[in-house]
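Common to both upcoming complexes is chain A, partnered first by chain B, then by chain C.
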Partner chain A sequence: MTTAADVPLIDHDQLELLQAALDPGELRAMLVQLPSAADQALSAINAALAAGDLPQARKAAHVLKGSASSLGAARLAEVARTIELELMTAGEIEACLPDLADIIVATSDELARWAERA
Partner chain B sequence: MSPVMATVDTAVDERAVPEGLADARILIADDDPLCRRLVAGVLRAQKFTNIEFAEGGLSAMEQVRRFRPDLLLLDMQMPDMSGLDVCRQIRAQPDFADAPILVQTATVDRKKMGELFAAGASDFLSKPINPSELIARVVVHLERWNSLRALRDYRERISREVEAARRMQVELLPDPITLQWAARTADLRIASYNRPSSELGGDLWGMLPISNGAFGIFLADFTGHGINAALNTFRLHALIHEYKALHHDPGALLSMLNERLVRLLRIGQFATFMYVVVDHRAGVLKSASAGAPPALLVQGMKGRARLCDSSGFPLGVERGVRYRTSRRKFPLGSLLLLFSDGLSEFPDADGKRIGDDGLLATLDTCGPALTPQEVIDRLCAAAGMTEGSPLPDDTTIVCIDRRAGHRPNDGLRDRATTQPVASSSCGGR
Partner chain C sequence: MKPAAPDPMSSPSAPDVRAAAQPSPRIAEPRKLSYPAIIASVLAAALSTALVELLTGLQQDRITSLLMLAVAAVMVMIVLTSMLIRKNRHALSLAHVLARQNAQLAQTTRLLNDAQRIGRLGHWMSDETGEFAVWSEELFDIFGLPPASRVSFAKILEIVHPEDVGTYVRARDRSRATGCAFIQELRIIRPDGQVRWLRIEADANDPSEGTQSRFGIVQDITERKLAEIAAEQARLLLMDAIESLTNGFVLFDKDDRFVMSNTTFREMFPSWTVLMRPGVSFSDLMRQAYDHGLIRPKGDRFEEWLERKRAWHLGGSRMIERRELNGRWIQSVDHRISDGGTVCLVTDITAFKTVQAELEQKLAYVEAIRSDLERQKQELEATGAELRAARDAAEAANRAKSDFLAIMSHEIRTPLSGMVGMVDLLRGTSLTGEQKRYTALAKESADLLLEVINDILDFSKLEAGRLQSECIDFDVPNLIQSAVSFMGEKARKRGLDLEVTLAPGLPQYLEGDPTRIRQVLLNLVGNAIKFTEQGSIHVRASHRVRADGAIDLTIEVVDSGIGMSPEIQAQIFDPFVQADTSISRKYGGSGLGLAICKQLCTIMGGSIGVDSELGRGSRFWFEAKCRQGDALVLPAEPVVSAIDRPLEILVAEDSPIIATLIHSLLVKQGFKPTRVVNGAEAVAAVLKKPYDIILMDVQMPEMDGISATRAIRQLPGPEGHVPIIALTANALVGQREAYLAAGMNDYVTKPIQPPLLFAAIRRCALPQYADAPPLQPGSHGQLEMFVS
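Our next item is the complex of A and B:
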């Protein structure tokens, strides 16, 4: 089974594809926007678990998976995918959330650096 | 500008969207604002300018009604409605039955992919979004959609124009009132059948009032069928009416028409033509033929059906041809049938053609009790021609019947018991 740690933090190939296809300012803005969107997803998952709404938690993870993967945040997308599709119980998801929070921070730093370089 | 950015600019410029697509209406339906922005960013970088958004399935349905997109990019999974349900509902709308719907999905599950296409998706876009794939698929589907619409628009326009031409061509045929008047005046009955093999045909028939109740009947059949042949029928109609002074003289009329058509028609185009002047007072037919199928004539009550000579070059083939007028008796009790070779050459279910002999034999079974319309119906049936059967060639039949006014014992007409009538049918119309 693939774990999040096996997946690189950033999918550089994906970022290069976006760089070739997007207005540079627009790409930078989206890369800056991703961490806050991820924070919102984390809050939504927490809120859903608190309400005992497991499907809602999975939906929030699904949305995060989509934007993270498309914006090159590979490890973040993998954690989101795990929450959405592989973790069976609220407890398992809850246990995964600190990792998710750490990966959001690491992704945010790396994307900021990448955006500066670009 | 950094070297990396220069590379980006070059890449964008090289992949310019084909002309005519940039203003295509594109609807992006996705509940994730970042994904909407990313897809829109890629499209805008390629100069697509007409982009709108929907944040879920319900708003996608509303936007489809309001914005009428040329292409829809649909996320597979949205909170209020699944992408598949949106897809099915959009496909149920006739205007969007063929519109491109590209579904974005991260799945590689074959069963789910099958469901996606079964729901009506035109194509899919894999996630994570690959900008080149996105643009390539959007462009190819927009081009297909544009071609399809252009083809439909063209077909609809041509259909309207052909229908207008068909109505005009029908108007060239004798109107029922004039036909009725001529039939009454000459104390006989006229029926006709005219059906083109496609919307437009190369057959034309007409009635030309002359004087003292005499009238001329012509039947022309141009080579081929369809628009070329139909346009030639309009030319011929105009020419025939230009030479009104020759309407009483079949040979002279055909000779003149031939001279004109030789100059008008392109090589390979010509018309067979039969013209008969019916003079009921003299009990005489005067006719001339230009390669037309022979008319069928029953002379008097006891006469048997026989072929009238038909010879001569078709009209429009050779200059200087002189056509000869033949005279025949046409007493009370007689019947004359003109037809185009669409009748005699019609292949029945076994591929057999009735031919002139078959028509003669059938005509001999048509007693005077039959109306001319019934005579035509019987001939069509004998040829294997039903109302719905497709015709390989334009077909026209004209039947002029002097039998109803005849009483076998005294040879007098009985207007109280027999009504001269004119009827016509245009098979299938």
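Our next item is the complex of A and C:
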């Protein structure tokens, strides 16, 4: 099992693929959406756990996984995947959420820098 | 007045047995006793006379003298009378004694006869001539003859057993000649037929008597003789038994003196035989044997050895084995028997010992072999452990290689896909003629490279055993036609005819692995196109029903190409082999295609092969094991009409970011996307207006992609046939089956990679984009690699 820390923060290949297929403005517009979408996912996971709805928490993680991976946020996607598929209990997921929050922040910063460069 | 002695009175009144036995002295006794009585009478008469004279002398008268004389006479008479009476009484007594003696004699004779009868013994007395003899009563009984006053010798000879007559006569003659005593045991056959054993004895002749008459006895010794014979027979039987022993047998009596040995023993120990004289004691025997050098005790003084030996000998029943000086092995055991004697049993176990030694040698040999095997086994185990370690290392290395290949291929493939996409985009812009040529070459090279990478990826996965076979329903003619038409443009470009023949009765639907079948078929057709300069390529499909109901789908690809030699055919399915290294230079390719096909066919429970002749073309064929299939929910054949307008694409995706991303990508490609956020909206959108393609996220709220696909496939009319491409983050084999079973046509995995997305769209819009195929055979399989 790979841990989130083993996965690079950003999948540059994926971003370059996107860069190749999209206008820079479009790409930037999408990249800036990710942090808020990730925060929403985090909130949704928290809310689902509070409601004791583990499947809902996993669905939220699944959506986050798809978005993050497609936008090159590799480590964020890995954490989301772990929450969706590997963590068995609400407690485990809750324990993972601080990491998730940290990674969202780090990813946001990195993507912002990338978007500026692009 | 009784002067007589008491003896005559007492003697006759006390007769006894002794007197009766001694008649002579008894007869003389009365005479001797009468002398004193006479003397007394004479003395009395003389005394009377003297007294009378005395009285006369004293001058008495005559009368007185006479009277005195008369008294004397009376006295004499009284004495004489008394003597007479006494004599008479004695005579009476003698007669009585005689009668009693006669009775005693008769009794004695009777007792003698009884004694002879009881003792089965009679006596005889022969006359001077020896021709006749007088027998006692019992003798007649013994001979079974009637009593007679005398018996002739001739009569006796008639009765004596013929076998014994000679001996008897000779012994008797000798005895008569010498006068010596004679004892003979012989058999008689009595007149009643009984055979009896007799012992005849004659007393020695007393030469002083000067007579030839003999006295002797005859005793019937039949019982004793029979007992002796029986005893002898028993003894002989015992001796026979002892002699027949294969053991040496030696008997010592209770005083430990040698009694006998059997022949076996004497043969085993001939030098001992001379020492073993009956009566010699065990100890003496041993000493003599020692003196003769037959015993050599080791390390001990002889007497000490003998003491131990004797203790063992008398201890009994303890077996010992020893090696004789002559080298033979002897096992001996001494048993005490009931009378206190000892039986020694000696066995020559040399042969046994030899066999034992051989066995021990063999055992040692076996033991040596066993330890050798043990050592070999340990070596093997060590080798095995090394081999296992090496195998594990190799497997680990292979896994690492596969992982490395997968990663590297991914790393190469992703940017390469990007390049292909970019080239495609570039070719869509306005270019000079030269630039168009360069971009076409760039595109060709990139496609070739992609093909090679895809082959390597596929092969590494097949090698790692990661590829599983699917088992889903598929439309057989449709599968073949679509694959062939996919290659149609390529064939046309090379001026080749590409034909398809479906055998009559080929099932419409089968259950199997359409993805793999398609991959193999595309590969074979691709090869055929590659290696055929001119002529045609013919694809034929047929089937065969097996006994167990399984159906072998056979597809042949026949070309009129360059063909192959048998040597090439033999190795063409091995990995990394191309018909000719020059071919790879001329035709390109990884050389893995057929190896992959072979493995795919194996996975499908089928096989692959080729018939070819150099310069005459080739016939490739493969079989895939399928089962009877069912009609699909709806034919999944994409129906994309050839149109000039931009493709209308419905994007059903709940994630706003992904939806935006796809939307932007599609717009950039010139497509016309419409966004909905769940399955229900997708169905509703399809009902409102027709779409060329739907991109359907699998996991959505309200209604997921699979349910929505099923719903759309249920729609009547052309809306139900719209091609649907799944968007999924879970592109595992099992899940893919579910998507395809639900009626989806294709799928694209997340993260969304623009080239793959565009390729999928192109596949579904086949007629329009057939000339620009970034999709390679086996791309379905490759997609799995992108799911991490």
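The criterion applied here is as follows: the second predicted complex is superposed on the first by the 118 of 118 C-alpha atoms of A that agree within 3 Å, B and C clash if a C-alpha of one lies under 4 Å from a C-alpha of the other, contacts with A are read in each partner's own complex, and residues count from 1 in each chain.
Note that a residue touches a chain if its C-beta (ideal position, glycine included) is under 8 Å from a C-beta of that chain, and two chains touch if they have at least 3 such contacts.
Small disclaimer: the values here were computed from a predicted structure and weren't measured.
Superimposing the complexes on chain A yields a three-chain arrangement in which chain B and chain C clash. Contacts of A:Gly66 after superposition on the shared chain: both chain B and chain C are touched. Once chain A of one complex is fitted onto chain A of the other, the partner contacts of A:Ile103 are absent, as it touches neither chain B nor chain C. Using the contact criterion defined above for the overlaid structures, shared-chain residue A:Pro24 touches chain B, although it does not reach chain C.
Touch criterion not met for A:Leu49: it reaches neither chain B nor chain C. Of the two partner chains placed by superposition, chain B and chain C are both touched by A:Ala37. In the superposition on chain A, A:Leu87 makes contact with neither chain B nor chain C. Only one of the stretches 111-119, 201-209 or 669-677 belonging to chain C has C-alpha atoms clashing with chain B in the superposition, and it is 669-677. Judged by the document's definition of touching, chain A residues 11, 14, 17-18, 20-23, 26-27, 30, 33-34, 37, 59, 62-63, 65-67, 69-72, 77 lie at the interface with chain B and also at the interface with chain C. Residues 11, 14, 17-24, 26-27, 30, 33-34, 37, 59, 62-63, 65-67, 69-72, 77, 118 of chain A are the ones that touch chain B when the two sit in their complex. By the touch criterion stated above, chain A contacts chain C in their complex at residues 11, 13-14, 16-18, 20-23, 26-27, 29-30, 33-34, 37, 59, 62-63, 65-67, 69-72, 77.
On the side of chain C, the complex with chain A involves touching residues 411, 414-415, 417-418, 421-422, 425, 654-658, 660-661, 664-665, 668-669, 697, 699, 701, 729, 750-755. If you check the complex, the residues on chain B that touch chain A are 2, 4-5, 7-8, 11-12, 30-35, 37-38, 41-42, 44-45, 75, 77, 79, 106, 127-132, 135.
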